[in-house]
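What follows are several structures.
Shared between the two complexes below is subunit A, which has subunit B as its partner in the first and subunit C in the second.
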Partner chain A sequence: MNGWHLDEATVTRYAHGRVTMAVAASVEAHLLACAPCRALLTPAVDLARLRSLWDDVAERVDTPAPGLVERLLRLARIPEDTSRLLASTPSLRASWLLALGAVLGFAALASEADERGTLLFLTLAPILPVVGVATAFHRRLDPAHEIGLAAPYPAFRLLLLRSAAVVGVTSLAAAGASLLLAGPALAAAAWLLPALALTSLTLALSRRFDIVHVACGVGAGWAAAVAGAQIEGGRFAAFGTAGQLACLLVTVASLLALVAYRDRYATPLGGA
Partner chain B sequence: MFDHDDERTDAELLAATGDGDRTALEGLYVRHAPWLLVRLSRRCADRQLVDEVVQDTFVAVWRGARRWSGRGEVGAWIWGIGVHRLLDRLRRRPPSILALFEPSALEVSAEEQVLLGVQYGDLGGALDRLSPELRAVVQATVLDGLTSREAGRLLGIPTGTVKTRMMRARAMLREELS
Partner chain C sequence: MAEPVEVFHVRKTFRRTVALAGADFTAGRGVTGLLGPNGAGKTTLLRMLATVLAPASGRLRLLGLDPAMPAERLAIRRRLGYLPQEPGFHRGMTVFEFVDYVAILKELTDRRARHAEVRRVLNEVGLAPVSGKRIRAVSGGMRRRVALAQALLGEPELVILDEPTAGLDPELRLRFREIVSRIGEERTVVLSTHQTEDVAAVCQRVVVLHHGRSLFAGTPAALIEQAAGRVWLDAERSPTAQLAWRNGDGLVRNIGGAPAGAELAAPTLEDAYLLLVGDRAMAVTA
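Let's turn to the complex of A and B:
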């Protein structure tokens, strides 16, 4: 600079708002360009206030920025802890959802071709939420799995929360895909009850067995049932009245079992 | 934290901040938070709001350190962020107490050369004799370099009022100094 500097008295008067406009203007212009004079100002400011402000800045800087899903959930007024739990669900990630969309899209395309394609779609659609739920709780896939084991958070609540979110998203996607179906009218909704039945059965059984094993078993059992019904009573027999009733029964029974044994879900699933 | 100073220059600290160095941000905070706090306090009497703006500013410095062009003073860059954060906060929440108005300068502008020099007589005194309303407008537009709209937001008055007050202030200053 040009040798012109502030003296302590001026700086102190400036800090306490006791200088005229012209003086304050020169002080502020000079402060921007002169580090030693800026340092003169520090003693005039409340250090405790500066420290506590820094603590807040540090906290905000260290907090990871929430992802897109989490921000959307918060916009929808969903509490912070719940939206974090949902956003960290492995089967609600973009990659997962893309894969889901691809599977459903191809199945819907196949059902355009002939009745066998429609059957493929109807068989596949109920299995997808089961896979999603199993993925949501598997110890290798859930990044928060170990935290979940240690956290004082009701495991049953976590189970319901994530399952509901996964089933909701998957069902919405399947419902969207089924609008593309050209086949018989029943195709548009016939997968819904089976989906609920398979998912609730998986959750109920996962109390005793590893959830991925349960999911595989339930999926295979479902495919076998569809195939068996096809041999017995025609192509869409599994989705007829009897089949839908059976699904409803399975759903109700599984839900009852879930609620009855809700206290046994002491640890998150898949952590056997 | 305020007893020792980082040896790096402001520009080096800012570059390191851009690379995610937290201690560099702390160094910048130690150097620049005090004057920023004082300067903002002279424009807004709401203490809590000033605190929030200082926080916002350093969080913005952390996130935007890479966007600094590398030209000019780091202090001026930080002040630019700070004054716009203040305007943002004021737009969302008008202050309970009217802004307290005192002068400032963003850069060494032509107007300020006039203020600092003596060759035009007592401009500083003439400014201080303006009514507080007119002085506030002169400060916000001429010295802080805000647009009429931004100045209106800062002062809580319509843009048109800023313009008419500025015209009146100019006329009065001309009369006093001629």
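Let's turn to the complex of A and C:
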């Protein structure tokens, strides 16, 4: 007891948040030591407001701090929940991105030596998004795969979102690395259509087969096609007009197949 | 009135291994326990109830819907909570972040409402004080509770729990029983376990699975009733007993065909279960 008490009007104003900071601090200091004034305050408190304030406090305390990838995605105006789902994609983690940068950087630098280095880069760059997409969806690489499978989130939407993010990030890295590429500027972009073709083909085939098996098959098929074209028509034959047209056709056909069978991806089942 | 879970002659084979060879049971509101030895088909059956695995044949109805139909499967998933046998975690996430991540997968998109729901389930399993800790830094028991918390998001009508008490110390097991029992008061819970004590403690119905078949489906009391007159105490092991072990008080508890004049004992759920799974139980305990 400190000899004075709060008047009812002040208590009511305080309870409704209508006092200055200085008065609020003074009231709170007094309330800590004065049981009769606390008793006066209790009925004056607006419970809905109190609950709302408490929710605000809990929200501030609990809201997770977003990581680097999530922050970048939010900067790109991607909604908070979608950013969270994308940021948890295995092939968008920092370790994967570093490895991706290293592989592309070394391949680009190898092009300084001779044309074989450029061919290595152009062959490798389209395979990397395929590996990224396979990593994003393989059940053994996603620790919460089984939990996610039983959840109602639209699987086709998740497939497209994560694939687009992986292809986008990988393509940006490849585009950056291609600036280091020796040779004509046009050659530096020759990997782009093959990358889209291989990735969309992998996604389309994943409806029927394990995505890692598909990725291995598509990667091996692509390497064989580049080698075959090299024997037939010269070192960069696979990246010429005919090759680019073939890649465009594969991309369009695969995307059409994806859209046509989107319902099959909607509520997937797990394996053994 | 259809029960929330109806399983009719469900079969499943993985290559040459028969996981389910015609399981049948129904489960209503309350807690139903699937009891059976390793390899009995419990996890396969629960994965089917969680809509992540399709049966090779037979019929399954969940919440009145057919999980074989994509649209109905989606509708079931919206009303379902699932704790897998080996739940995986993004170990770099905090407890709150992981449950929040699953909440997004459960279509809780409004951030404030979602976070409030995450707080609610973390409170329910007693994890609110460690919600900011990274999953890699918390104990195995706490991870199990994280997995349970995500299964409770959105107050699902059907909750599937695959061995929720496996590997937990006695105190945590009691805590789990309390939580599961509370959930089962308003919803349908189907859980699997090796522990007859768990079934006796919280389940209103029990299904005994063995070699992929359901040997028994009914109340724990009805299962115990099957062992009446087949459990007796003696100074020595009886040659007519299927199983016998010496109690802490020095007497041998024999279960099987009781000889005339034997001092019969009140059977427990464990006795009845051991009698039911018979040869398999003897092989395990030998």
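Following the convention adopted for this analysis, the second predicted complex is superposed on the first by the 195 of 272 C-alpha atoms of A that agree within 3 Å, B and C clash if a C-alpha of one lies under 4 Å from a C-alpha of the other, contacts with A are read in each partner's own complex, and residues count from 1 in each chain.
The rule is short, and it goes like this: contacts are C-beta pairs under 8 Å (C-beta built on N, C-alpha and C of every residue); 3 or more make two chains touch, one makes a residue touch a chain.
Just so it is clear, the model here is predicted, and its values are computed rather than measured.
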First, second, both or neither for A:33, with subunit B first and subunit C second: first
Touched partner set for A:115, first subunit B, second subunit C, both or neither: neither
Partner chain in contact with A:58 - subunit B first, subunit C second, else both or neither: both
First, second, both or neither for A:8, with subunit B first and subunit C second: neither
First, second, both or neither for A:151, with subunit B first and subunit C second: second
Subunit B and subunit C footprints on subunit A, overlapping residues: 58
Of subunit B, residues touching subunit A in the complex: 1-2, 5, 10, 22, 25-26, 29, 31-35, 37-39, 41-42, 51, 54-55, 58-59, 62, 73, 75-76, 79, 100, 102-108, 112, 115-116, 123-125, 127-128, 135, 139, 143
Residue ranges of subunit C touching subunit A (in the complex, touch as defined): 14, 47, 50-54, 70, 73-74, 77-78, 80, 82, 84, 86-91, 93-94, 96-98, 100-102, 104-107, 109, 111-112, 114-116, 118-119, 131-132, 147, 150
Footprint of subunit C on subunit A - complex, ascending: 55, 58-59, 62-64, 80-81, 84-85, 88, 142-153, 263, 266-267, 269-270, 272
Complex contact set, residues of subunit A against subunit B: 14-15, 17, 19-26, 28-29, 31-33, 35, 38-39, 41-42, 44-45, 47, 49-51, 53-54, 56-58, 60-61
